[in-house]
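As structure tokens, the structure follows; a few thoughts come after it.
The chains carry the letters A, B, C and D, assigned in the order they are written, with residues numbered from 1 in each.
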Amino acid sequence: MLFKLLDKDEFKNLVNILLQSNEVIAPKQVGVNVTGKTLHQYLPVTSFDEIDLTYETTQYSAKTYFLPYKENLSTYRFDEKDWKQEIRYRQEPRVMLGLHACDIHALLKLDKVLARDNFPSPYYIARRKNAFIIGIDHEPCEGGFCRSLGTDTVNNGFDLFLTDLGERYFVSINTDLGYRVLLQVKTKDVTEEDTRKYLLTRKSISDAFQTHVNVQNLPNLLDLEFESKVWNKWGQKCLSCGSCSMVCPTCYCYGVTERVSMDFKSGAKVKQLYSCNLVDFATVAGGHNFRPNRETRLKYRYYHQHRGFVESYDEPKCVGCNRCGRVCLAEINPPDIIRDIQMEER
Amino acid sequence: MRYLSIEPTKPKVAVFDFTSCEGCELQLANKEETLVDFLKAVEIVNFREVSSAKSDDYEIAFIEGAVSRSDEIERLKKIREKARVLVALGCCACYGGVNKLKNAFDLSTANREIYGNYPKDSMPVRAIKDVVPVDMEIPGCPVNKEEIERIIQHLLLDINYNFPVYPVCVECKQKFNVCMFEKGQLCLGPIARAGCSAPCPTGGLGCYGCRGPAADPNYDEFFEIARRRGFAEQEVNERLSFFGGFNGIAMGVQK
Amino acid sequence: MKTNLNVDVHHLARVEGHGNIKVKVENGSLKEASWEVVETPRYFEFMLKGKHYTSAGILTARICGICSIGHCLASIRATENAFGITIPEAAQKLRLLAKHGETLQSHFLHLFFLAAPDFVGLPSAIPLVDLKPEIVALAQRLKGMGNRICDAVAGRTTHPVSLQVGGVAVMPDKQKLLDLKGELEGSLEAMKAVVELFKTFQIPDFVRETEFVSLKGEKDYPFIGGNIVSSDGKEMPEADYRKVTNEYVTPNNTSKWCKFSRASYAVGALARFNNNHKFLHPAAAAIAKELGLSPVSHNPFMNNVAQLIECVHAAHDSIRLIDEIVKMKPATQTMEKVQAKAGTGVGAVEVPRGILFHCYEYDKNGYIVKADCVIPTTQNNANIHFDMGSLVEKFASAENMTDEKLELLCSMLVRSYDPCISCSVH
Amino acid sequence: MKIPLYHYDIMKEREIQQPVDFNRHRRLKHTDKTFKAEISSITTLTDMEKLFHLRILDEAERERFTFLPGQFVMLEVPGYGEVPISISGSPSNKGLIELCIRKAGTVTGVLHKAKRGALVGIRGPFGTHFPLEKMKGYDILLIAGGLGLAPLRAPIFAVTENRPDYRKVDIMYGTKDPSQLLFDYQYEQWRRIDGVNLHIIVEKADDKWTGDVGLITKLFDKIEIVPHETYAIVCGPPVMFKFVCAYLSKIGVPMDRMFVSLERRMHCGMGKCCRCNIGSTYTCIDGPVFDYWTVMNLKEAI
């Protein structure tokens, strides 16, 4: 990896240049909540002033720019006795600015399933490869436990990564494209002093983590505790509203339905992100539901995040952003559940 | 769409209104983009709000509104006899709708106060299914025209119309909304049935549950959340009773 | 010449709600000419009792599916007046824009789908899909535009969600508004085509003098709040609406009747035009001239023309409003803080069918103690009824008069008022 | 100054330009492109089941389409939906895809109304298969309950067409009543094959039924099983294969020599939609064919 220093004014310059010919998605303040805390979202921006890089976290993850909530897998034209299938992938490049390490890790995990494993998804890949990602370091967010999952720092999956050193950014350059983009503005070489400052900043961030979750041996524990009362306790609270999966940066499951236009001349096969917590997730024709109660559905979500994915890829699917915990009205959250599971074993 | 060699029919459709605001009927004339195609797909033979043609020869009857007067019962039963398929259109037809709120009051007092010496005929509000069997329901206040279209497509060509049974929160999230609870407002989203695309939270109004309850709603936890966030029982119960879909569900009532 | 005529229309079609027409002429003399409203009552005023102020606007929107925005606006205005709240300027503009959206949607619905078929001799607009697709396309486009405005500003086409006590809950998307502006500009030309179409319609020659009541324009064509004015020269603040409406119950109608200076009065587009024509956008005023409508017109059939004129006005005014709204800063306040308090408030709004009043009395916690809603069609019903008598008297003796022709004429009279019957019963 | 970002055009990828071939899991391809196929023949089997013969229209695609017994296709009826259906025909019958479909809901319902000549889309084949290679030289038990004969028919073809490779073959089949028996026109043919025994049982007989009556496990009384020389394939509802496998396992047939086919809700067939997950196992890529040992180890499998 190469490193450079970028003055904040120059950075603004860079963003403005990027804005001129590309769509830019960046954290933007969307309001305040009832306690006065500011709320942010990754949204398309049209000027540098709309961007707030000091945001703590966004309510929604950046995944929807890679896995939209709704998308047409294919469309159909119906002729008299025949039909024609058409498939299109999104192609336009865009800038994803200001992603935190956990969000980039989430993309790396999605890559494993959607870009590299069985049946790579062209829909995902077309979006992923057309995203220019600029990440940024930040103070730990409230309730976030990324450190425990090793996702608080990131070494790849981005083009540029910024660490705020006060007047300037310490920039890690991970791709050739990132390097070339950076050539458009004035950068400085990194001095030893800068490096020391950078490492200090990293350390102070690292030390600031409050939430720790012990995920050691979790896959096995989950198997052992398959029938545990813990699930009953949390399952009773679950609203089965799917909010957790909607905001989660790594939840990718979906449902497909087909639609026909009112003139019956065209149709579409529509993919919609789903949630394993929704009541009919595993219902089959005839009405049999393989996961009829909240408890089993909730358990399954944790099972997939912390056991199934580990089995397949040697790492959990969760990045510890705690978005699901924050969004949940019933206050169901991974740190508490995992703690409960660990406690059961003592 | 004849690639399956199934010939589509052009069914005769009638639309009838009972006690309601006629907003759901109005939706039939809305969604202007597809209105012409819609009108071409079916033969509307009886639709008083937009046509003076009247025919008693129909297969599909859309019923808007609830039943709140004795003559409506008779009218409804006659329609049921004629229609092969009876579709309850909108929240009033499916659940009684806001009309049902009057059931909480004494009718004769209400009559006296509003109509003085000339009391009008009226009775406690009932949903359509409480009077005659209903084949399909399109909930919502008002209904979502897209769902009407899908019902029509289903009746014409067996096309799928499985409306969502999950809660409004799913669709609300898919609209990138900040949760109403986060803004300090009450919302029935977690227990109300989706399918509307969450216009209310998107427009800054907590859901009132016009589509009725989602499948297997978690009332206990919902009440717990409302309590924790400081919403009064009265407020929650006003919401729940608003559209008639959460019949008999109330916070603070021992089960 | 036939001197015995009989008209009996049960549940008149192409109007909102259920009403009957009964006419009997025997040996040339009028025995009966009546307009009866038989809609099932819903007791909204009763339902409102004990409801929280946040629910009032949502509940009363359900009085009517066509003018739900009007009801909601009157309702939240009544509440705001009761609490003594002034809403931010941005919210005022947004509300008026939503109002225009509703006016466009409702008027075009009436003009094309409910009124026009009579003039072209069809039972409904549905056959036009095949006969005159260009007219249907025009109707779709113009009515759709009204709906899209409501959708963008109020959150939904029917039963608004963003219009709330204190203001408007969300600022609509700028781009959406700009798109709508483009659409509005394009629609002006289309409206000219509608004017041409209306020129071909034969409007019955009938006049009966009556009183016209509406809001009074001060600087603009009035839509939301202000004083009430009558063509008989009276004026009073909206809070005194009861002195105008004087509702009373009749045995055969589930809707009440109203009277002011005379036995009946009329509200609606024609009343607004008659009282406030000088505030119309010049383009709208020009069209009034073109279509031969000049104040004060006492021909109820001219209400159709007045509606069309209002559409042109609303389109021009919407463009102005959008220009002003998009210029506002991103963080512009659209909601005022609401503090409930005991008191009574009235909200008067000019909805498509005329002036609408909501009045609520609140307890100190913001729950409704007493509610009263006076609907435009309620105010028109007596006037329709008396018009019917005059109309039959004038035309019964006409050559070649038949039951069918008279039925059509009477039905057209009722439809001209664009009555909202379920509203009037509520 | 402008920086137009690098534009990645997935359509230029060499892999994606190659024809779709769903048995090559790791290749980049148009995952949702279907082979257009014509329903070339429809056979009514019972009130609820019909056998559809599908022929891929494009000749080159037809040549390329091969499958192994136990695999399934995603059958798409454009505008209606897509459903997973096991291939019920012979792997050697190139170009002809046989699907036995029960009327169960929207898509299957409309298929039952469709006429010969209708055009549908298929993706696949997907999933694991019965390991017929490994079974060579062994006694074979092919056991089906109800609609289970649909997926079992493919291995029946494979075994009977390669008769010399296998030793004794017992086909056991049970349904609720005689009216539900599938493929009855083929029984005679199977019976005539040397060393193939067909045993049929119904739970409830009708006037004409002269055969066995009872649960399928009753048929075991008639069959001689050498546990260590036997492979079994069991297709049917979970309750049925649970009992059957429990019996076989009790008499000593190793659990990893019994194979079952599981059904779950599926929306993709490619291990993406997660709808078919059992615990953390994808029925569509790790299954639908599992050995019984694996099934026993899957949480929430049965």
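In this text, a contact is a pair of C-beta atoms (placed from the backbone, for glycine too) under 8 Å apart; a residue touches a chain by one contact, two chains touch by 3 or more.
On a predicted model such as this, the values are computed, not experimentally measured, just so you know.
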A-B or B-D, whichever has more C-beta pairs in contact: A-B
In whole angstrom, how far does the Cα centroid of chain C sit from the Cα centroid of chain D? 64
What whole-number Å value describes the gap between the mean CA coordinates of chain A and chain C? 50
Centre-of-Cα separation between chain B and chain A, whole angstrom: 37
Counting in whole Å, what is the centre-to-centre distance of chain B and chain D, each centre being its mean C-alpha position? 43
Give me the residues of chain A that touch two or more other chains. 78, 81-83, 257-258, 260, 267
Note: chain D residues in touch with at least two other chains are 78-81, 117, 119
Per-residue multi-chain contacts in chain C, two or more chains: none
Those chain pairs meeting the touch criterion are A-B, A-D, B-C, B-D
Which residues of chain A touch chain D in their complex? 17-18, 20-22, 73-74, 76, 78, 81-83, 85, 87, 89, 91-95, 113-114, 117-123, 125-126, 129-130, 132, 177, 181, 184, 223, 226, 252-260, 267, 269, 274, 276, 281-286, 290-291, 296, 300, 303-304, 307-309, 311-312
Contact residues on chain D for chain B in the complex? 77-81, 106-107, 109-110, 113-119
In the complex, chain A touches chain B at residues 30-31, 33-34, 39, 41, 43, 59-60, 64, 69-70, 78, 80-83, 236-243, 246-247, 257-258, 260-265, 267, 272-273, 275, 278-280, 294, 327, 329-330
Quick check: in the complex, which residue numbers of chain C touch chain B? 11, 13-18, 40-43, 45-47, 49, 51-52, 55, 58-59, 62-66, 68, 109, 113-114, 117, 123-126, 129, 133, 136-137, 140-141, 143-144, 147, 154-162, 164, 169-170, 249-251, 254, 411, 422-423
Given the complex with chain A, which residues does chain D contribute to the contact? 1-11, 16, 22, 25-34, 36, 76, 78-82, 104-105, 108, 117, 119, 121, 263-265, 267-268, 270-275, 277-281, 285, 299-300
